[in-house]
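Could you have a look at this structure, given as structure tokens, before my questions?
Order of writing sets the chain letters: A, B and C. Residues in each chain are counted from 1.
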Amino acid sequence: MPWQFDNQRPIYTQLVEIITLRIVSGEYAPGTRLPSVRELAAFAAVNPNTMQRALAELERQGLVRSERTSGRYVTDDAARIEAARRDQAEQILNDFFQRMAELGVGPAQALRMAMQKKEMMHDD
Amino acid sequence: MLGKLIAYEFRATARYFLPIYAALLLVSLLSGLLDASSQYGMPLMQAILVFSYTLLALALGVITLVVIITRFYRNLLGQEGYLMFTLPVTVDQNILAKLLPAFVWLVGSILLLCLCMVLLIDWQLFLDLFDVSAWQLQMGWQGVLGAVSVLLGLILLMLAQILFAYMCMAIGQRFNVHKFIASVAIYLGLSLVLQIGLILTITIAGTVARDPLAWLMTCFLATSENMQLILFCLFWVGGAFLCCLVPYLITRMQLKNHLNLA
Amino acid sequence: MTEQENLTAGAPAGDQAPPLLQARRLSKNFGSKAALHDVDIELPRGRIVGLLGPNGSGKTTLLKLACGLITPSAGELRINGMQPCVATKNAVAYLPDKCYLNDWMRVQDLIQMFGDFYTDFDAARARQLVQDLQISERARLKTLSKGNQEKIQLILVMCRRAELYLLDEPIGGVDPAAREYIIRTILGNYQENATVLLSTHLIQDVETILDDVIFLREGAVYLQSGVDTLREQSGKSLDALFREVFRC
């Protein structure tokens, strides 16, 4: 099924985000071989050139490495993946505080609400 | 590639001609047979057959004309033109692939009608045709040249008629609307112009150009009979060829440089 | 995979190889109306390019010029360095926005015909795609629904291994499911040495798959750019940009 995109932002950037997420979450496990560009592009229903650009960017970031003959692999550098996880989490946190601020909820109160929410979740 | 186009063209047109060819042959054969075995009489049957023959012959005439026109118009100038003119073929190949099968069907229809007439009227004559001995005529090379030239000229004139129609359609398609009406108008208009031109030429020949022409005639008659024959054949075939060449080139130019598909 | 390397390398090395399509000061007039005016375009290989513009902006005229169906009034258009001729017609696959096949023909006859005239036609793949759509090969084109007719025409064109695919409004006038099928087929047909130029005014559906875009406005090139670059620069979707540029 095609992945969803926001047409207002470059597609390749969004592809980088989606694939990073999948690597961080373990869906693309460390050290495993990624499908070929064509296959990935077909899954995502995007242009292979765009997918190529995204993968090149991921290579540059060190999340993906390519072997000349056998294709692209997810990095098995656990630290790197951890760093990516932290980056993504940071971004979500920034997003969270920013959006709460838009609602008129300051960071301190936002944190309190988050703690309350966490307690309720533990009770399940 | 031309061969493929022609094969495709025959396949597309055969379905119109073959059934009626078969029907005509059948009717003529039956009628001829009944004629031959006249002890059975059956005047009503005869009448029906002859009537059917007439209808079918008329139908064949109409079908031949309609198919020749519409194949060119629909397949090259209609929506299918988008296919035909993007195929890896030249404009010449596209034109010839319509012209040659059209000619074959035209000649075929004429020959078939002749054959049917023979079968209808005189069965015996048909069998006689196969008697080769009757064909031995003292012809000599002049007879052969004459016969071949006349035949060639007739063939070329038939092709010229078809090409003239093609040319009118090729010019007519340049209009954005009412293309077919434009083509018909051009056909009638040009035919009229040609007629007038012919009359004018004859008039001029009979008056202003009388003396130069008389002089030419004297020169002509001064040459040997063989030379006169050769010259005549040359002019006849050459003229017929020109009647083909001019509309062909005009058609080609229109389709190559001024194609205006809807 | 060397395929990945090819994609990384981008356009083939060489000012030696002429561009796949090059238009220089291309103009086309119909009577007094200028359908195209001074158009300069260069298309590299291996791209999916959108030709966008409102109705009457000259998109179809440009595609017809590239096919050799019409000749320029001024300027030139070259495919692989050649003006449109039999050789370029072998390299170009054109899908008009109308039914251009004899609708009395059966699907199998059409596949046969394409195979006869085009050496680069993959008949086996065409049959497979027709089967996947659950359309009978023995069906006559006129008996199929409009959506299916368009899909068959698309399949026939896409199963050619051409260098330049020219698609005129491939998704106009079809239902969303058919649109998705068409877009998937176009993507699935991607080859590194071939380029797809598709003209449309339904941008939302296709903008995800476009590499580059050319905006045509009243017969002239308004802009030619990579799509993601445009998104980065403007922060807008292609659809939004289009509406802005062509606001009535």
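Here is the rule we use: contacts are C-beta pairs under 8 Å (C-beta built on N, C-alpha and C of every residue); 3 or more make two chains touch, one makes a residue touch a chain.
Because the structure is a prediction, the values reported are computed rather than measured.
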> For the protein chains shown, what form does their contact graph take: line, ring, star, complete or other?
Replying inline: line
>> Report the chain ID whose CA centroid sits closest to the centroid of the full protein CA set.
In response: C
> Given the two chain pairs B-C and A-C, which is bridged by the higher number of C-beta pairs in contact?
Replying inline: A-C
> What is the distance in Å between the mean C-alpha positions of subunit A and subunit B?
Replying inline: 75
> Which integer distance in Å separates the CA centroid of subunit B from that of subunit C?
Replying inline: 42
>> I'd like the Å distance between the centres of subunit A and subunit C, where a centre is the mean of that chain's Cα atoms.
In response: 34
> Using the touch rule from the top of the page, what residues of subunit B touch 2 or more other chains?
Replying inline: none
>> Please output the residues of subunit C touching subunit B within their complex, sorted ascending.
In response: 67-71, 86-87, 89-90, 92, 94, 96, 98-102, 113, 116-118
>> Could you list, by residue number, the parts of subunit C that touch subunit A in their complex?
In response: 1, 3-5, 7-8, 46-48, 183-184, 187-188, 190, 204, 207-211, 227-229, 231-232, 235-240
>> Residue numbers of subunit B touching subunit C in their complex, please.
In response: 1, 4, 8, 12, 75, 79-83, 85-90, 256-257, 259-261
> So in the complex, which bits of subunit A are touching subunit C?
Replying inline: 2, 5-13, 36-38, 41-42, 45-50, 52-53, 55-56, 66, 68-72
